[in-house]
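Letters A, B, C and D mark the chains in the order given here, with residues in each chain numbered from 1 onward.
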């Protein structure tokens, strides 16, 4: 087969950038100190508050999402602080390593990478922490490496039940704008995100939404910082400006992407992702393969990780799909390397794009000699026809 | 379902314009009399000769393909001339009407819109024309309204067997760059084409490739002309220039599109279209529906027209597909209105895009209540897996 | 000096395409038979009526402006008709040649290429034409080859004073959208235009605005036509559609360009061009050179043609300007070849772009050894500062 | 006057992004773990080494230039370290403040913001530092706030003469790609830069070029870091990959921008900036105004800061220029606020763009009632004609 035509980028991010966003970014840079810029800045900062579902401030960094992880740590914690984290997958592990580099003592609850954070463990652990030594609970909302979405609202309730003052710090890098997430209503203290997934932008922007409590913590913690410092950001942000050069063209794109999300309506955006995810799981079941996530209430609306039968190399399969069908699928990361592949169904993905992608998976399974039943795509179509978006 | 994400433009042209071509067109206009323009002009004129498979001149007009139809008539025929045409579909009928407006007497061989030009009729008709009163045989290579591709090489041989001097004028508006076509080897006198199908450009350019015999005819025919006059074009074309303002940005795109076709290789481009067309027909058969074209040697590699069962309105079906799945399919034209829909699989179309489109058709048939068997998409995948591209 | 950075395209068209228009065109092609297209078509057709200042129909062709010349002739005149034309420059001469090719008998009033159409000659000639044998007066509004703008409103009054029924056919290819022009108020019967000058688009669209009288003439004239036929266009235009493939992406651009003109306001657009033209003439006078146009009431707001002193080759000067300063100036055409250069100041040109261009001319005059006084740019700045616009 | 047409962005960065770079960035995001990305990464990393004139590694961050400042500090210094810095202007002051936030003890040599770093003071200070307590000399190469370019090669020689082991850390944010700078030949240990000035990209990338000595320092210093950590970057960089999401589209643009610089040739790029700067100073002198920089050997090739006469507000002047002529000039920063304006002549600036800008300044001085002599633009043209690029 051929490599002509549109590449199917079905990794779980960066997601394809819509035409509208591309056109919006493809404009001349303007004076970052002029009045036109101020209006742009105010508009995108307000737009972010809508998307994060918060009344509080959202800080935008020229950085990757990893930078926003770091911003969260250095603005809220102090050297030697204890935090509670959960081994839900590759990215939770990386965030833990970063915390360790900053002298944070991480209590890391082990996991099998097939389910999310257990709210009962949160409650139990915090309840036992009589000395209130745990300063924060740090959770990855949607584990991009596994396709498991932790239940943040339930985690909040668990913290409340334990009546514990720990901050709740949540990574929504791969969920924001695709999976329902509510910074204020769910009592999150810092929400971390990035531009290249549900926001449908190229990589290059990191975000932190900040609660009053988190901001208060930032006034007394002791980690050194300058680039990431919230107060330095929030002062000029009031007028729509930034303390150093903002990534202007990505902000053009952000304005357009937020407009697209709000035009479609956040509830409909989330429902669409649920429908696409349900169809994908129907296909996986149709093929007789196994979805990595084992907890139905934690199925990711953003991506689906699929286990290959023992003895079959997921990377060999992905290579055939790339070479023969010009589709990029996500690799298994770290301890899942070679065992799973990941299908992204986020951002501007729609039903027919997904069906093209699932057809490619079905053809690729055949070409790679992976044992499977044909007809997963029929199950996916049935799911879509039924509007099944649980 | 939703309208987010990429629209599936699966009409038989205009075809989607590839990113590379979009980027190439998105450049400043230059001085059409300067040296940079001359180099561009020479390059695109040479590129056209490669794509038309000719050593002779190709003229590029700022016009639609319809303009190139007119150019062909006014440069080669005279008022009162007789020509032989065939009712192969909607576009053949329109070309006939145009000829009539120019005072050409058209012998129009009736047809049922389900098969192409019959070479035997060509031979018989010309053989009977002892007085050599027929000045031209005018053929639509690929009937965009029906998905039938006439056998031009065989028509040429039929003319030769009749030993008749008629010019062979061929419309390749929807075939050039998608279906094999050879201006010189097949002895075509004028090849008409347009920019918005296999050349993967927006509409706005018309083309005529010209044989020596056609050019000789243009020196003695009597139809008035100025804009379309070949000699006026060919003089400045020698230096890469044009007698009036060329559509510069479309020429930028043409340069890129020709480069893409030659990089992939014309034989592979044609084979890819055959594979996609075969898969589409396999799906139609799988659904238990009927392909309009009844002659397997004339199946179009560019589009497939599908008959709906009696009592089902193809336009209602298309509307559901557009509203629910954001895919544009081609309408039945003229006497096929409401009875067929047309699936374009041309230009930058690849296997996964086609599978997305065919999935949309299968889901749409269900949504519209059109009786069909499920699983056409499975048959298409089998066809693609088998590399079936007869 | 170097060729880095922005090329100064100061020819009198094609004019530089604004970023906004570029972005608007850089979008996917859509189905030309679908509802989204219909809305686009209706919007651009209405927009054209605003810009042509007419209540009547405007026809848009995928063609150059030359095509719109031809459309005007074949829709209104008959073989053997007599028309009155004026030798105001190169383009008037070309239009005359085209008319002759269509069998029109042209009474061509000779001219020295330094002034426009004389309304008194129009009146006198028509008054003498007792038999009313002259079917049309054909005028080039703004002669792109000379920088002379004929007084169309006065010509209309001259025709009226002669009480003559001739049609008034006007070429506004290089004036529409830059110089004041009023199809209805000035009683013009057909207004011809193109996309690549005041409309700030790439070449590729031709226009004819049509009076009732012209449309009536088209019902009885006898020239053969199909592509250019008004009635074929006007029928589908009612719904926003076209009888053959429209140049969709140029229509996207047209929509944006019309929006830009109306946002700025046509009177302000025209005043801006007057200011830039006045500044340019001030510079020419400052250099001690001669403006080609000899009639102040006919100075063009679009371009200024400048005579070089005897013995100095304008093309050698232009080549130095292109090579050393990366600016394209317009060449002298036909009998002005080598004697003049032309400075375009149309479309999205503004004061600082003009000053860059005039500085380039002043530096180029020095580099080419053309005798001149320094300081023309100072005179231009004074003119701009004074807001001098005629 | 009007706001139609091209905005003149003549601030000293962000500089206008060339069309070629815009087109290069306007492409789909790709899989950052795939083979196509690896090739891109290797190419841009090699390209950076050419532009920084180094054989050693260059690290690219998704960040502003400020982020690269921070990266330099946290990778080379330890809490409590002493460094030598110079008050050459606003940005030197900001970098000093950042160092202080990281617990660095800064010896800050006062200055009047009208000249660069004095190599003799460097030598004397280091010579006195018998205990070798000064760990680094930190210098801003081109002070964007003042238009003064410090002599880095001479500073290196001063350090060597003092036989002192201090690291030499240099900010080239506004000079790289515009002013001559040689990381290896001048013995610089860390070179900091950003994307939005001489590299002609939008903001969003930060850079550090790293000497062996700096890298060795990074292995023993004690500042905490994760995002900015060099070793984490350099490992995947070997294959063209990054430890976290790179700003892919800016890397597309970087590839193109580096290609443009190397096509023109770095020596010619630097000479062009010198010519434009000399012309600008000639204009300032012609107006009878004062260039802020008082040391001719330190005139900036990138920007020129101009002092207004006492009692005239530079910001009022700039506002008139923006409102009337649609040109952005740089503001006076911090203690220069209201007293100077800054003209950027960097990146893709060429002679005619500069002349447009200088004409705008001359017209603006008149409109704002700033006392000046007319004719600065004539002096600039003379300077350009003479090829004066001292």
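Things to note:
The rule we apply is simple: a contact is a pair of C-beta atoms (placed from the backbone, for glycine too) under 8 Å apart; a residue touches a chain by one contact, two chains touch by 3 or more.
Note that this is a predicted model, so its numbers are computed, not measured.
For the pairs C-D and B-D, the larger set of C-beta contacts lies at C-D. Of all residue numbers used where chain A meets chain B, over half belong to both copies. The two sides are thus made of the same residues.
The most distant chain from chain B, with centres taken as the mean of CA atoms, is D. The centroid of the Cα atoms in chain B and the matching centroid in chain C are 35 Å apart.
In whole angstrom, the spacing between the mean C-alpha positions of chain C and chain D is 46. For this pair, chain B with chain D, the centres built from the Cα atoms lie 55 Å apart. Multi-chain contact residues, meaning those touching two or more other chains, occur in chain C at positions 16, 26, 28. Residues 19, 23, 26-28 of chain C touch chain A in their complex.
Residue ranges on chain C touching chain B, taken from their complex, read 7, 9, 11, 14-17, 22, 25-26, 28-34, 61-67, 70, 79, 97-98, 101-103, 194, 196, 202-204, 223-227, 229, 243-250, 322, 328, 331.
Put simply, chain D touches chain C in their complex at residues 1-6, 8, 16, 18, 260, 264, 268-269, 272, 275, 325-327, 348-357, 359-360, 362-363, 366-367, 374-375, 377-378, 381, 384-385, 387.
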